[in-house]
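Consider the two complexes below, in which subunit A is the common component and subunit B and subunit C are the respective partners.
Let's turn to the complex of A and B:
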């Protein structure tokens, strides 16, 4: 019982949960809004992590200052994939099912390529770097500055994104496309441009999340897949395209993971996330907070 | 005099199924032009093609002399060709105000959206009362007003009205019909498809009858009302 009440555990759960929320928001742009099953999402998180690692070890640039650059790198990958692989698909495919099936296969390829390229370039051995690891103690709670920053930055970004989507005309445009694509076109929304924007934002956010993850744990070319699964859990729990639902779901998942691992053992970590994933799909396919999409 | 909107020998369909086989229609500025036709004649197909939701497989769509048949939908809206679609297609999970805001998303309209909004609210006071209600919870008549309002927010030069009174109670249908001539005061021109042929021909300056994907009879509103063929086909006598 003492263990469960420990502020240390609470803090860890918040850090992980906020990262999951951020990763989920990124996937929501690509899956929630355009219905492309981006199973390479976690690999973009991995690219962001390596970009942060590279900038820090090669140039001494702190990931905190490197964030715009890192986001730019993954966003460019997103834009490249949009023009290279998905633009035509999106223009010519009318059924969501077909789009999901095709995109799953395409992103599977992207995932394999990204993982193996990074393994070739940086070997498969895990990497880590020491940065901002001063300990700040408040009461009984010891926090490394890097984790505290990861928490604050990811929460700030998810909050900013949810406000942006709620109040900007761009956010309204995204909702409009989800609700009725034809109606979106005839009111004058440039559907292609909004989709490109979603790719750029979704991939950019994945890169940022990766940089933050690299501050908190070891990185490796194959670190992405568990994050992909976590992101899908977050989206399914939170509701497709439902950003605020996703934020709550992300934090919830962080808590479930940290507390269950604390109660059992770290070896169950992956099984646990898959368990939540399966449970979410079986029990609430329409999400805890979202309503069913028609 | 050249027409504002000119459809020339337009052919289109769904995949291999051809629905329109060479339709020609001209729309004069400041006028109401009606497209009549039985269920399945191809009216909606024609309107969706003009709006760019369906490809223009053969023939031309010209607006102010420019071929717009190849442009994406949003570019046509930008030019001022705006569809108020059959079935209304409002965004159900957005509020009335948000639906209207999206109506003015094109660059030309966005700059004037505050003024246009006032005009639209004056035209449909019901929308003002319900501006923070979700569009999906509006009544059919209110949704139609919203669809019209959303269309007007785009500052159309040509408004394409596809069955604006479909499924509405007679009283509300009448109300919608009475606002259509008022819309001309905004300097726009209207192409309308309607089931209610009698009311439509009363407000229409000119009409075309579609039959099996071709233009059958054409004429001004008066002459179509008096045409025995139209009377037989639509007016039930």
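Let's turn to the complex of A and C:
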């Protein structure tokens, strides 16, 4: 019981959960809104983590100040992929299923290329750096500043994004496209521009998430895949395109992971994550908060 | 008549390829036995994938689970069951597993099916990993397994069987039903195709040969290690080969397997990262520029000539 009530555990679960929520939000832009099955999403998180690591070790720039730059790097990769691979696919493919299947294969190719290029450039050995690791104690809770910052920054960004989507004209454009793409076109929404925007935002957010992840754990070229899986769990449980649902699902996943490892043993972690994943798709493909057949 | 002639050409080509594979050891030596074994293995795996995923459009990203279950069956029953029972049993275990997951899994379509099959294969991988740790077996050694030649001959038989199966299924009522499912499930149902039964049958059928292939490969490597036989990279390679070759024609998987086995012979030992990068680049190029794969290019070329 003591274990369950430990503030340390609660804090770890919140940090991990907020990172999952942030990663899920990024995927929601690309998969939730334009139905491109981005299984390279976790690899963009990896690129963001390496960018943060590089900026810190080479230039001494704190990832906190480097965030805009890091987001810019991954956003540019997103824009490049949009123009290079997906623009024509999006314009010419009429069936959604064909588009999803093709995007899966294309992103799989991208994922393999990104992982192996990074492994070629920076070797496969895991890396880490020490930054902002002062311990702050409040009550019985010891936390490093870096993890606290990861928590605060990711929650702030997720919140800002959900406000942006609710109230800005761009966000309304996205909602319109999710509801009915053809009708959105007719009322004058520039579908191409909104899609490009989704790529830039989704990939940029993935980069920021990667920078925050690099503050809390070791990084390696093959670290991305578990994050891709986590992101899919988050957006499926939270509901496609549903940002606030995704926040709850992300935190939930963080809690499941941290508490189950604490209660049982670390070896069951993967079984649990994939178990939740499989159960989510088989039992609640419409999400925890969605209605059946929407 | 033309159908018959092209069938004849296909089976003759297959027989020549198989005959060449059988004699490769005596012609060129042991190294080529391993290459031929690899080639035959990938044909059998990709052909089985195409039988279900290529025809129905339900892309499975978890076919390694069948391979792994077959390997696990053979490893567990090693020295308990004779091999001629154990290997087919591996296929049977894989097929029964496919049958069990088919009904819930095939209810979901499109991308959910893709990531679901991947999730299931990882779930099985980690479950067996924990089971083995619990049993105190981190890896199992298979001493006294048959020679590489014996494995190669059986593997060639599986590659031929899977190719013939794909060819026969494709031109059967069953196969046309599967293709119709890819078009539109509701209309397929309306014209009297038993959609659910066909999907379950196709999925189960596509698991059997990979199970046997996994069993054989466990014998070949003489040890069994969970993370290795359930490596998702195997599933990814299968899909890549099918896309590069073309997945709705029995010639496609053979061409795709030939292409990537050749590429990996060239690069895998000297530059594995570069090999992977090229694999990704080829996958992207084929999806964008030649969506029906090498077979599609071949067909287009043939049409150009006959005009």
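The rule is short, and it goes like this: the second predicted complex is superposed on the first by the 290 of 294 C-alpha atoms of A that agree within 3 Å, B and C clash if a C-alpha of one lies under 4 Å from a C-alpha of the other, contacts with A are read in each partner's own complex, and residues count from 1 in each chain.
The rule we apply is simple: a contact is a pair of C-beta atoms (placed from the backbone, for glycine too) under 8 Å apart; a residue touches a chain by one contact, two chains touch by 3 or more.
Computed from a predicted structure; not experimentally measured.
Trainee: Clash or fit: what happens to subunit B and subunit C when subunit A is overlaid?
Mentor: Overlaying the two complexes on subunit A (C-alpha atoms) leaves subunit C and subunit B fitting together cleanly.
Trainee: How wide is the angle at subunit A between subunit B and subunit C, using CA centres, rounded to the nearest 10°?
Mentor: 90
Trainee: Scan A:175 for contacts with subunit B and subunit C and give back first, second, both or neither.
Mentor: The answer is first: A:175 touches subunit B but not subunit C.
Trainee: Tell me the contact category for A:186 with respect to subunit B and subunit C: first, second, both or neither.
Mentor: A:186: touches subunit B, not subunit C.
Trainee: Thinking of the overlay built on chain A, is A:163 touched by subunit B (first), by subunit C (second), by both, or by neither?
Mentor: The answer is neither, since A:163 touches no partner chain.
Trainee: Tell me the contact category for A:120 with respect to subunit B and subunit C: first, second, both or neither.
Mentor: So A:120 only meets subunit C here.
Trainee: Which partner, once the models are overlaid, touches more of subunit A's residues, subunit C or subunit B?
Mentor: The larger set of subunit A residues in touch belongs to C.
Trainee: First (subunit B), second (subunit C), both or neither: which does A:109 touch?
Mentor: A:109: touches subunit C, not subunit B.
Trainee: Applying the document's definition of touch, where does A:232 land relative to subunit B and subunit C: first, second, both, or neither?
Mentor: Second partner only.
Trainee: Given the touch rule stated above, what does A:138 touch, subunit B (first), subunit C (second), both, or neither?
Mentor: In the superposition, A:138 contacts neither subunit B nor subunit C.
Trainee: Minimum Cα separation, subunit B versus subunit C, post-superposition (Å)?
Mentor: Between subunit B and subunit C, the shortest C-alpha distance works out to 16 Å.
Trainee: Would you pull the subunit B residues touching subunit A in the complex into a rising list?
Mentor: 51-53, 72-74, 77-78, 82-83, 85, 89-94, 98, 101-103, 105-106, 109, 150, 154
Trainee: Help me check something: in the complex, which residues belonging to subunit A touch subunit B?
Mentor: Of all residues in subunit A, those touching subunit B are 169, 172-173, 175-176, 179-180, 182-183, 185-192.
Trainee: Any idea which subunit C residues touch subunit A in the complex?
Mentor: Going by the criterion above, the answer is residues 57, 59, 104-105, 107-112, 114-116, 119-120, 122-123, 126-127, 129-130, 133, 236, 239, 243, 273-274, 276-277, 279-281, 283-284, 287-288, 291.
Trainee: Touching residues of subunit A toward subunit C in the complex: what are they?
Mentor: Those in contact with subunit C are residues 31, 35, 37, 39, 85, 88-89, 96-97, 100-102, 104-106, 108-113, 115-117, 119-120, 229, 232, 236, 267-268, 270-271, 274-275, 277-278, 281-282, 285.
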